[in-house]
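In the two assemblies presented below, subunit A is common to both, partnered first by subunit B and then by subunit C.
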Partner chain A sequence: MSLPSHLQETFSPEEVQFVVENQKIKIFPRITTNRRRNGRTGDASGDDSNQWKMLTVDGSVLDNMVAMRSTEVALWLALLLKQQSKCNIIIPGWLTVKSLDAMLQFEKRNKDRFGTLPWDWQVLSEILFKQAADDFSDPIHELRNRIQDLKEIRQMKVLQGLKFMNESHLQLDNLGLMEINEMRPFIVDIMDKLREFHAAVNVQSAVDDDAGDEDMSMGTGIYSDRDISASSRTH
Partner chain B sequence: MAYFDLDDVLCDGSEVPCRFLHTVPGLGFLDGRPGGTVTAGTTLRLPLWLAQILAVVVAGGEGEEGEGEGEEGEDNTPFVEMQVPGALGPKVLAAVRADPVALDVHAVQPHFYALALRWCALYADQDLARQVAGLLLQRAQEINGFAVAGGAQGGNTDSSNGASITASSPFLATLDEWEKGVYRDAQRARRDASRWGR
Partner chain C sequence: MDVDIEDILAELDRDTTAVNRSDPRSDAATDAGTVVNSSFPQEQALKGRGSGAVATASSQEDYGRLVAHWRNERCAPELLQYPHALMGRTLARIQAQMEHLEMLSMDFMEGNGSEQSGGNGSSGSRPVNNNRMLPLLCMEAELERIKFVVRSYVRCRLAKIDRYSLYLRQVGEQVDDDGFSPLDAQLSRDELVYFRRHAEITLKLFNDTILKHLPPDLQAINDTEGAFNMVDEPDWAKFVFVKVTGPPDGRLDADHQLTRGQDGEYFYQTTIHELDEDIDLSIGSIYVLRYNVIKELLADGKVVLV
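Take a look at the complex of A and B:
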């Protein structure tokens, strides 16, 4: 491919956002699109002109919305509906002052572990702050401060953790995709070099160098954290 | 270690002191005496790609008339014996032990890690590999610190900030060529991330 290498090796933040926007989120629709229900309420607007047609996604959820009955749609769709004031987004449970405070406490208490935030916490909170500000029950600036604090305290821990990098293994439990993505080029470069040094002096075990390289690189944590991001994208 | 990797090619060209084990006629140009003879025991600086071959190829096995006349008895010694290059010598390693961050790696050898890696691979030098890996890890923390700082700053001005930070910090001037690449990549990722947030 002719993409510059930094776009080939890692995601850009915009790509991460794109991935996150495909996550499901719960909304309260403000409109009713369910045809049967429309019919029952008296109005006979059951003709096809009212139905939404979607080329790229299954439109069944959209066609069965009932006002104020929660339903689950992709985030990008929720944001579109939100812009047209056709729905309210239900803010996920962890994105409240109370649970963020609890999370901050956890982060401060445990110097060597990360709290269990969802993998898309950074991106999701940023998007919701910007585009669904009126759906929050807590004041936005307080939430924003706490997110910022979390980001910094976790960053500090990552820096501490990087002192113990080795050629074969790096555990990144509970880190968000954005956090991992931010440091991926650095970690990949360093660990690859460490691995090269390790492989250079330990050739006795692997006679043909290439096969040995391949085996070792498959065991590195970098590949496994790619797997984490890949698997969390699918559910 | 790609075939077209320029840094790899440049590393190949770095000089290694070699002691000739055989008298070779006609190679005097290496020593600044065209047409002369290089006598056994002379120490010359040869590029790594040449030295590497000559240190492996056995002189007697080639069957050419030139080599045999030096020492008839030692048929299976190679042409030259490589000596530890200055960049990996005891002086530098002492500096590595003393303070990895303060060491001016670029002044020692612009392709320090590549050269060290070659050396480790050639001689399976566990001790050297361990020391260099330790050096790398410690300097990596520092590089990452600068990348984070540079990335946070670089949100607004992108093209010029790399240069200004390099000028402002003496540490970044000591980076080896590979480390520079790491710094560039890390800083770009940080900068993109911090720019996305605003």
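Take a look at the complex of A and C:
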């Protein structure tokens, strides 16, 4: 098949990471690409190659980077620059001990709702822990613990919410993309089956209703004939 | 209007030297809000065609649209419409970028060779080379990313074409008065060719191995008269995860399908016909719904499949 079967139901974790890497993040570049307009025209021919002709991100942002002035770029680009030691990544505000603690409190207090974490919280936190470990102001092991707690609490809520699965619809606000992706094959499968059962039950009861109508419209004579023939068959 | 890929590529062949001559400084001046990167001659050719749809075709937005199409296609049970204009522009840009990168890397090879033969320039050139190679590295990484999205998108569509080839054949037979079938809009030209040949080959296989040995009235592959419909239609009522984003231009009050609730929130009213149930979809929420309920909203771009 053109698309492998494990990818037909849902996205792979790597693909989820790809989608998350398209998001923007703030960085402190360590190099300056902003060239002064004057005095540079006499340089060697390699000047043209410094031009960032990008397709999917705004090339002019990269061409105007000034060291230690914060700019916003796509996450994949920030990770690439970080690997080359050309930038420092600014950790987003929700990934601090204080705000994660507040989020945990919210999750514990409200058992039926999910806290307003960004949709890419799981993937982003994992990536930043691995690749931008020196850019954190809080100790990483504490952040990791809290992220783990959040994961477990939300997972418990999702599993408890599974009993609300029905043939009509579900509303799950504020669920992260990774969480949705994990649950997707299971939930879609079950709800499809529930839908089929529901449709089958309805057809059955519609058929029964029709049969009942016919009996009543034909009068008592035939009804009693049927009784007689039914009883004669059992003998 | 649909952009012809062959025309763009022909333009490309004619104008390859124009890529060198284009002014690189004009690129640095463009920001995200303005139109197309004007250094590419084929973009100018597109503008010259007078197609009004290119007005907001900045490459960042196009990439965003491409990723949205990819995600929607992966999650949807049916084959969605093929975005002819978007794919035309995207493929043209990828082609141009690949040639640009080839040219740059050739410059590098020559540049390195001449510096080493010069002798005393080599010690200072190494850190400069790293800085010079950085744009190249990033451009190559980005090219790989966009090629991955295009490939995965096409693979997903081909898998669906394989699965629903009999159903597509039925759709394709409804040719209207001008001789156009709905498949021309739904599939790209290459996909149409693939679909026809694949359908032909599999039908021949089924005929030769099984069908001709069956009794004559059971020999039709698209038999709809018996108890089972032999044509596999996409499951229209399959459950999908949707996120309601609202109208693409962001103007909530201009959208007629939105209704305003008591708290001043906006929501879409939808109905599940099989259950006679009305559901209100509020903006920013995630739902699990049957596909047929949100099909039109998806086509309008007001919800996305997550």
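The working rule: the second predicted complex is superposed on the first by the 176 of 235 C-alpha atoms of A that agree within 3 Å, B and C clash if a C-alpha of one lies under 4 Å from a C-alpha of the other, contacts with A are read in each partner's own complex, and residues count from 1 in each chain.
Throughout what follows, a contact is a pair of C-beta atoms (placed from the backbone, for glycine too) under 8 Å apart; a residue touches a chain by one contact, two chains touch by 3 or more.
None of the values given here were measured: they were computed from a predicted structure.
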Just checking: does A:I31 make contact with subunit B only, subunit C only, both, or neither of them? Give me first, second, both or neither.
second
Which partner does A:R184 contact after superposing on A: first (subunit B), second (subunit C), both, neither?
both
Would you check which partner chain A:A200 touches, where first means subunit B only, second means subunit C only, and both and neither mean what they say?
first
Counting only touches as set out at the top, which of subunit B and subunit C does A:C87 meet: first, second, both, neither?
neither
Tell me the contact category for A:P13 with respect to subunit B and subunit C: first, second, both or neither.
first
Any idea whether subunit B or subunit C touches more of subunit A?
C
For subunit A, which residues lie in the overlap of the subunit B contacts and the subunit C contacts?
167, 184, 198
Residue numbers on subunit A that touch subunit B, as the complex places them:
6, 9-10, 12-14, 17, 126, 155, 159, 162-163, 165, 167, 178, 181-186, 189-190, 193-194, 196-198, 200-201, 203-204
Okay, in this complex, where on subunit B does subunit A touch?
1, 113, 116-117, 120-121, 124-126, 129, 132-133, 136-137, 140-141, 143-145, 147-148, 178, 181-182, 185-186, 188-190, 192-193, 195-197
Counting only contacts in the complex, subunit C reaches subunit A at residues 24, 27-32, 37, 39, 59-60, 63, 67, 71, 74, 93-94, 97, 100, 104, 107-108, 111, 130-132, 134-139, 141-143, 145-146, 148, 152, 155-156, 158-159, 162, 235, 237-241, 272, 274-275, 277, 279, 284-290, 293, 306
Any idea which subunit A residues touch subunit C in the complex?
1-3, 7-8, 11, 15, 18-19, 22, 31, 45-46, 48-60, 62-64, 76-77, 80-81, 84, 86, 167-175, 177, 180, 184, 187-188, 191-192, 195, 198-199
